[in-house]
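What follows is a pair of complexes built around chain A, which joins chain B in one and chain C in the other.
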Partner chain A sequence: MKWIAAAVLTVVLALLPFLAGDFYVNLASQILIAALFALSLNLLVGYGGMTSLGHASYLGVAAYVCALLTSRYEFGHGPAAVISLAGTTAMAAFFGLLALRATGLGFLMITLALSQVLWGLAYRMSGVTNGDNGIAGLTRPRPFGVSLDNAASFYWFSLIVTSFAFLLMTIFVSSSFGSSLRGVRDQPRRMAALGFNPWMIRWITFIYAGFWGGVSGLLYVYYNKYIHPTSLSITSSAEALLGVIAGGSGTLGGPAVGAALVLLLKNYASAYIERWNMLLGLVFLFIVLVMPTGIVPGLGRLATAVRRGSR
Partner chain B sequence: MSPPASDYALEVVNLNKAFGGLSVTHDVSLAIRPGERRLIIGPNGAGKTTLFNQISGDMRPNSGAIKLFGTDVTRFKPYTRAHLGMSRTYQIITLFTGDTLEHNVTLGLLGLRTSRWQMWRPLSYYGDLATQARRTLDAVGLLHLAERPISDIAYGEKRRVELAMALAQRPRVLLLDEPLAGLSNTERSQVKSLIASIPRDTTVIMIEHDMDTALDLAETVTLLNYGRVIVDGDREAVIADERTREVYLGA
Partner chain C sequence: MQFWIIQGLNSLSLGGLLFLLSSGFSLIFGLMRLANLTHGAFFMLGTYFGATALRAYDGLNIWVTALGAGIAVAAIGGVFERLVLTRLKTNPLGQVLVTLGMSFIISDACLLLWGGDSIPVPTPQNLQSPTRVLGFVFPTYRLVLLGVAIAAAVGLYFLLERTRLGAMIRAGVDDGQMARAVGIPVSNLFTIVFCLGAGIAGAGGVLGGPILSAYPGLDADMLPLALIVVILGGVGSLLGAFIGSFVIGFTYTFGTALFPELSYIILFLPMIFVIAFRPQGLFGRLSA
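Here is the complex of A and B:
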């Protein structure tokens, strides 16, 4: 039943370019990218109980590596994508070793510190990253010779990648490893006594989340054809975390809904008020007060209550 | 891996643990034979749970050794000890509250299987896990609640789930930390007969305050006080010992 619903949703989403103009199609592409990024973070936050404030590292590093390889070193898009994903995944493995020495707040601080280091490097190592000017003039790949330069084709490309990622992440969290992961989130001590290795389970998840963060980074740099240090900033990490929590951490679709909300607020509200962050804060406050577990679980409960009430 | 032959299921040798200046385990030595039923008693703060935490690997001793069937496990992680046949329950109920009883027991089974690393097949793919979990729940008399979440069931039932999770693993050494704590009289006798029915290939070491019930289950008794072993031996001998009365029975 859930699979049918997901398939129907995908088909409906695929029809969007026939119904809406380029502006909205581009907005939808951005939402897909933000959703994929939030979904990867949700593996850590929602399923692993590892609240990271440095997830932008994976988006940013994959984007930067890809940008540098294609623009400066004239790599093709295929090899550039493979190398940047491999590099990002390896970096996640290393960062995991450092960050998973701690849990809870300590973990959060280490992930934040590591991402701040990268952010600082992106700004200061201007010989490599072009500093505050960012790297411009990038191109989009041409998978199987199909140009992604118009809004619709890029949207479909993002939709395919994001749907595939969503499917694989869903399989991951529904697997018996996923059960081990949730067990470690809820009762790490008991899980260790039962024969599970909590550290290894967390580390594997950390690497997997880093990999998908990297995939979202590739889409991000393809979309913008430009990369700037802000992609590595704490704001970038925090927005994703906000999306995960607002949408419902530890649910399959919640983070995508939350990410869409954050992105729409950012795009629309910023056109009217300069201090759109304040509005975002108010919306977030409202969600936390009314639906503390997030929009998706909150609406689910509401739907159950309405159904019960109408009977 | 074949562990070196040993006469003992569990050996604790000159174990020491101190928190700052407070010595909570002081030169403790125990030797427990395979199949033995050992009761560990002692007043509050005697260091019983701390001793358990060191045996199960949650806590590192400052010195001394812990041997499981002759294998020195002192520096082993808790999960490695679990794979060597050690299992434990907790004094404070430590269950997965949002999950069903069946899922809780299944996690106990999964912990000892390689399928715990399986990343594309759901838990439900392994039908034998569910079957075995249900069999264990049946043994503790909770099969009718298998589909209910832990948060739905009563305290006494949670205590039995604690036991079921450990029993499902068919441990060679089972550590029970106050399995009767907070139970009503009826529940007490239920859990008591449950513990009595544990097969003899499992060695049972139990911390318990309820002497009336626990003494029936025990063959040998260790009395701890201020982190030291005060008396250690057969049940009758320990009960009769003057020091036991002094420390514990409140003479």
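Here is the complex of A and C:
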């Protein structure tokens, strides 16, 4: 049943460019990228119980490395993508070593501090990163000779990547490794007593989440053809975290829905008001105080209640 | 030689400033188990209050301004703690998220009210002339700032170690449930400590104004420094915050002066060492 629903959803999503104009197709591409980013963060927050406030590091670093390699060092898009993903994954492994010395709030503070260091670096190391001007004039790749420069083809490209990532992340969390990850989230001591290595399970998840964060970073830089230090900022991490929590952390599709809502809110709100950060802050307060378990589980409970009531 | 001495003094005054910022963060974390991500915004709010007051009234005393701004920021913090944080007592993650949301709201409100340009804060007139010590010329204000930070550290030490309130706070830090059981009103202490921490940060913001000036993004610049200080020194430890502040003050100042592009990487190094070898921080008793 679930698989049929997923297949129907994929077909509907694939048909979108025939039904909507370029503006909406581009918006949908952005949603896919944000959803992939939020899904990767959800591996940590929802399934691992590791609340990271530095996930923008992986998006930003992958995007910066790819941008630098293709624009300054004249790499092809294939090698650039491989190098930036490998680099981002290696960085996740290193950051994981540091951040996983702590759990809970300590973990959160270390991930935040690390990502703020990278953000500062992107601003200050202007010889490399071009500082506040960002790196402009980038190109999109041409996989198998297909140009991605029009809205529909880029959308399909993002849809393929995101669906594939979603599938792999679903397999990851439904595997026995995923069960042990949830076990470590809820009962680390018992899991250790049962012979599991909680630290290793967390570390592997951290690296895996960093890798998918890097993939979303590549899509991000392909879409925008531009990269700026704000993509590494705490706001960027916080938007993704809000998406995860608003959508329902630890559910499969929730974070994608949450990320879509945050992105739509941002797009529509910034058409009317300039104060996106203030709105983001208010939404944070609202979600945490009113809907702490997220929108998707909240609606699920509502649906169950309605069904029970109608019987 | 002149370079090293001047940069050394700059490090000390930045360290003092960082202490004013991070001591409150550390106290709040120690008692409430709350990573208060609004702390950088409280600091920035203090700087903007100070800049506005000092530029509007010529000759206004900076110490009085710092006290006033500290009280104002403490009041804002107190309202936030009472209205929002107390509702989330059983939800530590939710608490962190609302402090993050609050920091976005404050920093955007500052941008709205004061605009995007940086506002310089005047150095007090009687402290503008440099001081000569052993033939070296020092900017007087930075020396005084260092003195104030040390005085604040001593004051906080006495408050925590020698007063009844301090004894209750320490009891709350060590074992909150037990403290409640013997009749210590821990939730009132939460409010007091939150106000105190916010107030010190706000006052520190005013005092840091003549060095840093008020600009949008000041909060995002200061918060990671506070986090690194606290990770380094250990959460909940006043001594840790003190030592950590000066370590980071030196690392940051010399890093910026000698390797401007890499200053952030250099900032990173002491933190990596501490996390690797002593994850609870140099003087931390509690693990975060």
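Basically, the second predicted complex is superposed on the first by the 295 of 311 C-alpha atoms of A that agree within 3 Å, B and C clash if a C-alpha of one lies under 4 Å from a C-alpha of the other, contacts with A are read in each partner's own complex, and residues count from 1 in each chain.
Following the convention adopted for this analysis, contacts are C-beta pairs under 8 Å (C-beta built on N, C-alpha and C of every residue); 3 or more make two chains touch, one makes a residue touch a chain.
The shown structure was predicted, so the numbers you read here are calculated from the model rather than taken from an experiment.
Asks: In the superposed arrangement, does chain B or chain C reach more residues of chain A?
Replies: C
Asks: Taking the superposition on A as described, I'd like to know which of chain B and chain C A:S180 touches: first, second, both or neither.
Replies: It touches chain B, and chain C stays clear.
Asks: Regarding the shared-chain residue A:L282, is it in contact with chain B (first), chain C (second), both, or neither?
Replies: Touch status of A:L282: second partner only.
Asks: Check whether A:M109 is in contact with chain B, with chain C, with both or with neither, and answer first, second, both or neither.
Replies: second
Asks: Of the two partner chains, chain B (first) and chain C (second), which one does A:A305 touch, if any: first, second, both, or neither?
Replies: Neither partner.
Asks: Contacts for A:A5 in the overlay, against chain B (first) and chain C (second): which applies, first, second, both or neither?
Replies: After superposition on chain A, A:A5 lies in contact with neither partner.
Asks: Does the superposition put A:L167 against chain B (first), chain C (second), both, or neither?
Replies: Neither partner.
Asks: If we overlay the two complexes on their shared chain A, which of chain B and chain C does A:L194 touch? Say first, second, both or neither.
Replies: first
Asks: Spell out the part of chain A that touches chain B in their complex, as residue ranges.
Replies: Those in contact with chain B are residues 171-172, 174-180, 182-183, 186-187, 189-198.
Asks: Show which residues of chain C lie in contact with chain A when the two form their complex.
Replies: Residue list for chain C touching chain A: 29, 33-35, 37, 84, 87-88, 91-94, 96-98, 100-105, 107-109, 111-112, 220-221, 223-224, 227-228, 230-231, 235, 260-265, 267-268, 271-272, 275-276, 279, 287-288.
Asks: Which stretch or stretches of chain A touch chain C in the complex?
Replies: 51, 53, 98, 101-102, 104-106, 108-110, 112-114, 116-121, 124-128, 233-235, 238, 241, 245, 275-278, 280-285, 288-289, 292
Asks: Once bound in the complex, which stretches of chain B touch chain A?
Replies: 56-58, 77-79, 82-83, 87-88, 90, 94-98, 103, 106-108, 110-112, 115-123, 125-126, 165, 169
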